[in-house]
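Heads up, the next two complexes both have chain A, just with different partners, chain B and then chain C.
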Partner chain A sequence: MSVAATTTTATPAVAGALPLQSVGITPVEASLFAFVLITAVLTALFRDVLASIVIFAAYSLGLAIIYTFYRAPDVGLTEAAIGAGVTTVFLLLTIAKTTRPASDARFESINWPAVGVCGLFVGVVAVTLPAFPAVGDPSSPILTNADVTGYYLSTAYDETGAENAVTAVLAAYRGFDTFGEAIVVFAAGIASLLVLGREVFTA
Partner chain B sequence: MTDVTFIDVLTTRHAYVLFVLLSAIGLYMMIANENLVKKVIGLNMFQTGIFLFFITSAYRVGGSTPIVKSGGGPYVSPLPHVIVLTAIVVGISLTAVGLALTLRLYAEYGTLRASALREVIADE
Partner chain C sequence: MSSDRSADGDAEGTITRQRPIYTESQVIMTTVKVVIPFVLTYGLFITFHGTSSPGGGFQGGALIASVVLMIAFAFGIESTRAWLSNTLVVGLGTVGVAIFAAIALIPMALGGDFLEYTAYYPVLGDTLGLKEYEFVKYGMEAVEIGGIAFIVSGVLMGLFFALAAGFTPADLDVTGAASDAPTDEAVGDDASNAATDATGEVDAE
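Up next is the complex of A and B:
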């Protein structure tokens, strides 16, 4: 199996010289983006923590669909399972064990100094946006780089036997890193038990 | 790059714009929300914004999922997907420890509000 020809036909491209209008926003993207943005704002503004958590789960689900639209189904599944699933369970367990303050107001009052800080953050990061390649532009450096992306796409199956290049990199090329990731999860579990002063996980 | 208009950037770098906005909302939640649980939600939101940045950078219009078959392609880049998978797992570990610390703080001080905690700790 050789797919080298499909990925190594790249022409060297200068990031700044890319055609800006090459790819535009599609209606699917626009509606998903609107959904995610609205749920994000509502998560931040709802005063009731339970309402925030439920909307945050919807936000994670919307983001999982965006990942899937961007052809990353592995990440979409993981985000749906962990972001919308496990994170929500952890958050709900936390508020089940604490009191929820009774609140009259439905929304938080807006903290304007914090809005200023975030506006500054947006301003600083946004000035770099024109230097990015357009979303999905086939001539962007990450896609045309034959030594990195091209190498893994063309040799992953021959070297590892995994058709899914994501699996090949995660489990074979970066197997030790994934093992280290398991150690991180283990350490987090130990740290949680230590902080809570328990010996086993109980609900 | 001098004739780039604001609308051009918005319509062709849309996902990067969303990344900036989601990160900013997460940052706002971490700063402004008094409730510690909502601060943790803000941290998660900041993370997901950055994940979106990675996934977007891998995307290619007309590209397919990187499940390599002979004669297939073009594919999106698999490498950012891998790093995001790792980051999601590290993120949930971080969330778990953060929430455990929150529960411990609640057990010790009986409140989840950052300002009240600051007062109680200052009085000790």
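Up next is the complex of A and C:
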């Protein structure tokens, strides 16, 4: 948390080359990444939608653990509660109203042109990876920026009395945005009633 | 819900129908009964400690709503729908918006800016016995608890029941799904009025 004290300027060029190796990726991280990757691919491959939804929940849980591992517990909690929990329930509810084609095939047939396009996109994005600073690099631009990150980390507690700087930003410094987000959630509930042609949630 | 998917491989057609959505299971009911108090407590903890530990109104509200979702999965959506009044679900969302909007707009009436928590200090400082900077923390907690957690838990519960009921056109009474979607006009009236009031207030600012 002594980020604000470091006044060294950012050196993005130095943090280049191979960011993951320079930090040293642990076996835990590697297995988490493998888990998320495999579940993501399986979600697309499984023909049975129920299986896809269950694996998608596992994918969200893996992501939540990764977020927590990289010290973003607020995002991890949201991913676990919304992604793995509530979204899964909503998707299950939705497919319970549908029918499925009877088929013996366990997996979708692979659309190779689509795989090629996706692979190309992943390749293009992967080319930009070396430009990112290493995970947790104290000299990365986002941490040495005294005007934004440094300001919040050094003054959030004094100005708001909140130990959790994330909440301080959400509810105090950027309270107007949070107000808009809360209204969006509320509007989504009203819109779902409109789309479904109902006037009440429960009756 | 997983057990009712086993009947596929229908020889005569390419389409197999789904079994009914609810199957009474002793295991699920007992598990949910045991787990619910802890989930609810954890949801409240995350909501109330959002300023000092990870979490906040959004995550806590989702956990509180998931308690209702678990009850519905264990004991049946229809019986849960009958148990949970529409006024409570809609009220959570609209009261949340009203509280958030009030906390945000009252400082403007007191001569401050939108969501300027310290504007409450000259008015309430002596009666509450709080220092000026403490109003920011308690203002944030009021927004997290009374605003965001209320809205998120109410809307998620509502979305769940709306999705479970599904789309049933009034004049097209198809078999099966239509029977479990009663359209109670009288109950919905005051609730939808409250909803338009709250959104009108938001538009005004």
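We adopt the following convention: the second predicted complex is superposed on the first by the 179 of 203 C-alpha atoms of A that agree within 3 Å, B and C clash if a C-alpha of one lies under 4 Å from a C-alpha of the other, contacts with A are read in each partner's own complex, and residues count from 1 in each chain.
Simple rule for what comes next: a residue touches a chain if its C-beta (ideal position, glycine included) is under 8 Å from a C-beta of that chain, and two chains touch if they have at least 3 such contacts.
Computed from a predicted structure; not experimentally measured.
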Once chain A from each complex is brought into register, does chain C clash with chain B or fit beside it?
fit
With the two complexes superposed on chain A, say which partner A:A172 touches: chain B (first), chain C (second), both, or neither.
second
Please work out whether A:V41 is in contact with chain B alone, chain C alone, both, or neither, and reply first, second, both or neither.
first
Most chain A residues touched (candidates chain B, chain C)
B
Given the touch rule stated above, what does A:V89 touch, chain B (first), chain C (second), both, or neither?
second
State whether A:Y152 touches chain B only (first), chain C only (second), both chains, or neither.
first
In the superposed arrangement, does A:S192 touch chain B (first), chain C (second), both or neither?
both
By the touch definition at the top of the document, which applies to A:V28: first (chain B), second (chain C), both, or neither?
neither
Just to be sure I read the superposition right, which of the two partners does A:I183 touch: chain B = first, chain C = second, or both, or neither?
second
Please provide the least distance in Å between a C-alpha atom of chain B and a C-alpha atom of chain C in the combined superposition.
6
Chain C-contacting residues of chain A that also contact chain B
73-74, 78, 82, 86, 90, 93-94, 97-98, 101, 163-164, 166, 168, 170, 178, 185, 187-189, 192, 195-197
Given the complex, residues on chain C that touch chain A span 1-2, 5, 8-10, 13-18, 21, 46, 50-56, 58-59, 62-63, 65-66, 69, 73, 81-82, 84-86, 89-90, 93-94, 96-97, 100-101, 104, 114-115, 117, 133-134, 136-137, 139-140, 143-144, 147-148, 151-152, 154-170, 177, 181-185, 187-189, 191-192, 195, 198-199, 202
Touching chain A in the complex, chain B uses residues 1, 4, 8-9, 11-18, 20-29, 31-33, 35, 37-38, 40-42, 44-45, 48, 51-52, 55-82, 84-86, 88-97, 99-104, 106, 112-113
Within the complex, chain B is touched by chain A residues 1-3, 6-7, 16, 20-25, 29-30, 33, 36-37, 40-41, 43-44, 49, 52-53, 56, 59-60, 63, 66-67, 70-75, 78-79, 82-83, 86-87, 90-91, 93-95, 97-98, 101, 108, 110-111, 114-115, 117-119, 121-122, 125-126, 129-132, 134-138, 140, 142-143, 148-149, 152-153, 156-157, 163-166, 168-170, 174, 177-178, 181, 184-185, 187-189, 191-192, 195-197
Chain C-facing residues of chain A, complex:
50, 73-74, 76-78, 81-82, 85-86, 89-90, 92-94, 96-102, 158-164, 166-168, 170-172, 175-176, 178-179, 182-183, 185-190, 192-193, 195-203
